[in-house]
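These are the structures, in structure tokens.
What follows is chain A paired twice: with chain B in the first complex and chain C in the second.
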Partner chain A sequence: MKDDLSEITAKGWVCGKCGLPLERGPVSITYMKSSFPVDLPRCPCCGVTFIPPELALGKMREVEKILEDK
Partner chain B sequence: MDQSQLHAFEARCVQDDPPPCQSMCPIHLDARAFAACMQEGRLAEARRILEKSMPLSGLLARLCHGPCQSHCFRAGVDAAVNLPLLERACVENSKAGRPFALPATNKHPGILGGGLSSLTAAWELARKGHAVTLFHSPEGPGAGLPGFLPRTALNEALEILISLGVTLAPLPPALPDFLQRLRDAFPALYIGQDDPELDPETLGLGPGDLRLNPITGETREAGIFAGGFAPGKNASFMDAAMAGKWAAGSVERFLQGVAPGTAREKDGPYPSRLHTSLDEAAPLPPVLPADALRPTPEEAGREAERCLRCQCLECVKKCVYLQSFGGHPKKYAREMYNTVVTVKGHRQANLLINSCARCGLCAAICPHGADMGEFSAQLRKELVNARYMPPSAHEFALEDMAFSTAPDVAFLRPQPGFAGSAWLFFPGCQLPASLPRETEAVYAHLCRHLPGGVGFFLSCCGAPARWAGQEKQTARTAASLRQQWRAAGEPSLILACASCLAFFRAELPLLPAVSLWETLAGLPLPENRADFTPALALHDPCAARGEAGTRAAVRALLARLDREAEELPLGGATTRCCGYGGLMDAANPPLGAAAARARTEDTDKTLLSYCSMCRDRLRATEALSLHLLTILFPGRTPLAEEALRPAPDISRRQEERLAFRTRLLQKIWKEEPRSPSRQERLMDNLLIADDVARRMDERRILRSDIALVLSREDTTLFTRPDNGRSLACCRPRQVTFWVEYSRCEDGTIRIHDAYCHRMVVPGVPDDPDGPISGLAHLPPAGERCCKDATGCGLQKKT
Partner chain C sequence: MMPRPTRALCPVCLAALPALLKAEGGAVRLERSCPEHGNFSEIIWEGPPNLESWTRPRAMPEPAPFQTAGGRGCPRDCGRCPQHRQRACTVLVEITRRCNLRCPVCFASSGREETFPPATEIFAHLDWIRDQAGPVVLQLSGGEPTLHPDLPDIVRRARDLFPAVQLNTNGLLLARDQSLAPRLARAGLSWIFLQFDGTRDEIHRALRGADLQAAKEQAIAACALAGLAVVLVPTLAAGINDDNLGDLLDFALERAPTVRGLHLQPMTAAGRNPFPPGRRLTLPRVLAALARQSKGRVLPEHASPPGCEHERCSFHCRYLLDREGRLHPLGESACCSACASPAEAPPTASSFYLPAPSFPEAASAPPDLPAPDDAPTERAIASVIRNWQSAPPEEEEGDALTRFINSARSRTFSITCMAFQDAWTADLERLQNCCVHVFAPPARLMPFCSYNLTNAQGEALHRI
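Showing the complex of A and B:
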């Protein structure tokens, strides 16, 4: 999963709470007892993670399907 | 599920059974594959197929009289395929392959006689690695073979036997103890009686010595086998070859220390169960070769074209689900069973298990009644019980069911003015969601004409839980329905939806339930008539497959209305599913859409359904589609326009169900509507353009989901200073929703995009009862023009 996420950017979004531009950082996302350490745009202060539609509907959905059928 | 259930299902699907030409062939030649190669002129490959099952093909192919021809399905169209013609053309025009033998066994069976059965037995045993000695009469091997057989063919066969290590030896002069000496020298013997030169008496065999075991061909003495026709008896060369092959099987077992009668069921000819439809088989006259003994490859190719390559696939031809996974029920059953019962790791057949519409068409078509729906239903239950059911497959449908059965939506009331109910109208969850006006009209009609009071019961029957394999939820729903029916005084149920009726028949068989259509057929017709009806084709819902009464009542109603509707080729008891049944569309949306398209491709006329889900799903393919209630109770909109009315999306269905309840309770039972929740008020102020709504529908995101996310204070995680948009996110249940929105000056909220995922991201608010957001404090609703920073220019949706 990690290799395909380098193109995910936050395109002008800032953290709603802290007002800071997002920076890539390590996040662990989980599903069905599997967890994936990935680098994603997130708030450098509060750490909230940004998931754009192309990630949710692309790679994430793909991984969900694989894990559900495993 | 245990293996016996799998085997019982597998036994019903005959697609893998060999065709009768192969099963009834004494040597089980794969005639389909052979004919395919001959048709395409691939002679070397055809020869290889021939030699796989045909001993000494250069001999036998020229001697075969084609016993398969009396069993060929093509005979039902014009005349059987002339397979001997193909066999002769093959061996006349191709080279014999180099025979392959297993490693030497150091066992040396003996064969007496040089007839065809002995040569065949020698070939079979030599290929098993045995060192065979064949004793022939002084005239040499090949005794009893006909004159038309070229001498070169016999010589080639003998060379092949020698190359396989067979020793050919003349029978020594007869001696009184000859047989006993052979018996001492060879661990097993075969006596081929089809050699006319071989005299049993000279072998010292008495009349009782050749009384054979009918299964094994074994004589009274263990290890001595015999076979082949006795000279003068009316038997064919194929019989002789089979006798040799059969005896070789007995000798082989004997040499291995296995009882010679073990597993012989399919050694010789046996009847095939394969079904093959001749509906599309066009007549094609048999080829008459110029020289019957030496047909040309071209003549054989033309004759091979007549082979139907028999297979069943009757169900597969008519079901998009069975087509879409590239196999047939027997193969699927094995894959499903392996995924649920055998394999503990990858569950690759989950989609296969969950995509079936459980519509029963396969069972209705199958000559042996194989029902893929019943089979997959059992495995869905097991997936659920083992907690291996993929969460995404049915979750939305089950949540929708929970919505419809919740007290906010579901209700049961007796007809005003009646204390109890003789009847209880149960429209199901989708009819009021799609056709609220018609639902109300038909209820009024029932109240007008049925005595004793007609109660109204809005709820979901529980079919989604049953389809999803959720046994506990199914039982809970059924128990709740029974309890409510009892409390209503045990009235007779009138069900508008065929899927509800199927659920009641299966889960609540003791409750008196009848279809709306049978009820209406017994009542006076509504007074208003639609003045124009387009040309119609009648689509029966798959759930009415077992309801002949319902189907007949619908036709009777149409006849009384003086409306004609074309019967579809796959209609009535063999109707197709629209793709909603069995939650096909929930688990496999592209397949669900394909199923609906397949139905609409059956006709150019306006499809007439009596299931609202069918009506909407067929309409969603762009086909013209009407519901029977719209014809029975026409509104102000002309029917031609009604046939074009778009199918409501998933949000609209829920909202309409709720609005229907509110309206009906107010109008008929004079009950005050409850004040809308904050979330509902927020929904009323969402601006969602059509393309965004379409994307939401595909992603199974409801307007109420959006409202839920935006009604929370802590969900707006990101903002964009450049265009004033915000991104809110919340995980109220197993799904995380993201909503990109902007606020308009008048307080309405424009939705730019919404998407969701199931993977869990840390830091996402997941409390559906979290603090209330400022967005939920809305100005009073009214006609407002959106004037947000981006100038969307949308009108508020009403």
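Showing the complex of A and C:
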């Protein structure tokens, strides 16, 4: 299940811009003045971060809804 | 821009009239002229927040099915007519007219009638509501609904049909019969809307004709034992309990997470409310009183206009409670345990949705993302369920997103305020965009404020 952040692996992913393999590292996700420090696969050079669809449509969407309100 | 045209009612004959919203000395007035009964002008807003800025863009839902053909005009055709522009997010059904209080104020004019509609009749009404309105939040109301002998069965049937079931009650039976709360919890009740006008007996005496503070506290304790969430619902009356908001807030916070919020209802001149229309508590007046009495913990800038009902009908403030019970506006910062200190802050991904990835393996098109804005009714239903349903025990483990989701389920607290309309303030633009509907037997759904509308003589337009 890829919305369990610890299950999201950097293995096999390469940054299209820098050509470097992605590495798991700390990233701060921010939305509506709230920030969430998490570990995700990211490019060690430019910092572009890989967020799998399951995470974007699962846990992140749930957080969005909580923050966005009725 | 002011003046803004709309349509309003003559408070005497309830004729629909052309009207203007006019700004005057920091207030906004609803002005109209009845050829028979003269000019009427009522303050409906006293900023801040400024009414011009109190707006929120929203996607309109699909038109609701209507039950009446129209012909006599709004609001006489109510129930719903083709002029209605909004689906229901919540539907209220009165399961009895009988009440165990005889409040000096009651928009429902409830009384002592001796019979109850049989459960089978109520089940048929619930089926019809589900068919016409869809999966709304269902409110069981009255009269006093806990008096109905089949209430647990009614709750059970309602939960089979609707995503959430709310009970609007004065709480006296919950206090007296300690077995009732657990029976309702087992039947699937989602939360209790507890009439709770203040923290002093003199307030209960003035509005309800009895000393009720001890019973109210017993009712909350019974709900806590049963794991039932409670929202405290004060009817606010100027000069009676508008000085009690700070104490109400403290009382509620001391009982969180059983108490999940305050839902304030400024009194309107409907039913047998002896309310002089000159002493009206507008939404900004309530916000200013909250800011003053909460000593700055609740501020007008925390309030948002609604995304479902009309923007002039309500405000809501949402908070996260920290371990010490302090309020933190939701959306201002993540929960404390999830926050990194600025010194440790890692690189920032500036948005949840990053630009299309340029990874070689991601050659296929990105998946279809859901629309950024759900229909307002669906969003409102999901939001009130999140805010008001019983809080599950909080799980401490997981990543920062998981911890935030868990804390939002169990440690959020909301302050909401609904400005119901009466014959003096009814604005047809608001009525036609209403999403809080009442089931009017045998087969109509009516905006709450239209259903409860009475003229200056106390005569009801729709309620029988």
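FYI, the second predicted complex is superposed on the first by the 63 of 70 C-alpha atoms of A that agree within 3 Å, B and C clash if a C-alpha of one lies under 4 Å from a C-alpha of the other, contacts with A are read in each partner's own complex, and residues count from 1 in each chain.
Here is the rule we use: a contact is a pair of C-beta atoms (placed from the backbone, for glycine too) under 8 Å apart; a residue touches a chain by one contact, two chains touch by 3 or more.
Owing to the predicted nature of the structure, the values given are computational and were not obtained by experimental measurement.
By the touch criterion defined above, A:13 reaches both chain B and chain C.
By the touch criterion defined above, A:37 lies against chain C but remains apart from chain B after alignment on the C-alpha atoms of chain A.
Contacts of A:63 after superposition on the shared chain: both chain B and chain C are touched. Residue contacts after overlaying the shared chain place A:51 against chain B and chain C alike. Residue by residue along chain A, chain B and chain C are tallied for touches, and C comes out ahead. Judged by the touch definition given at the top, the superposed model places A:29 against both chain B and chain C. Chain A residues in contact with chain B (one complex) as well as with chain C (other complex) are 12-17, 27-32, 36, 47-51, 53, 56-57, 60-61, 63-65, 68-70. Those residues of chain A that touch chain C in the shared complex are 5-6, 12-17, 25-39, 42, 47-51, 53, 56-57, 59-70.
Of all residues in chain B, only 345-348, 350-351, 390-393, 699, 716-723, 726-727, 729, 736, 738, 753, 755-764 touch chain A in the complex they form. Chain contact summary for the complex, chain A toward chain B: residues 10, 12-17, 22, 27-32, 36, 46-51, 53, 56-57, 60-61, 63-65, 68-70. Those residues of chain C lying in contact with chain A across their complex are 304, 306-308, 316, 318, 330-334, 338-340, 344-354, 357-361, 366-367, 369-370, 376, 379-380, 382-384, 386, 399-402, 404-405, 408.
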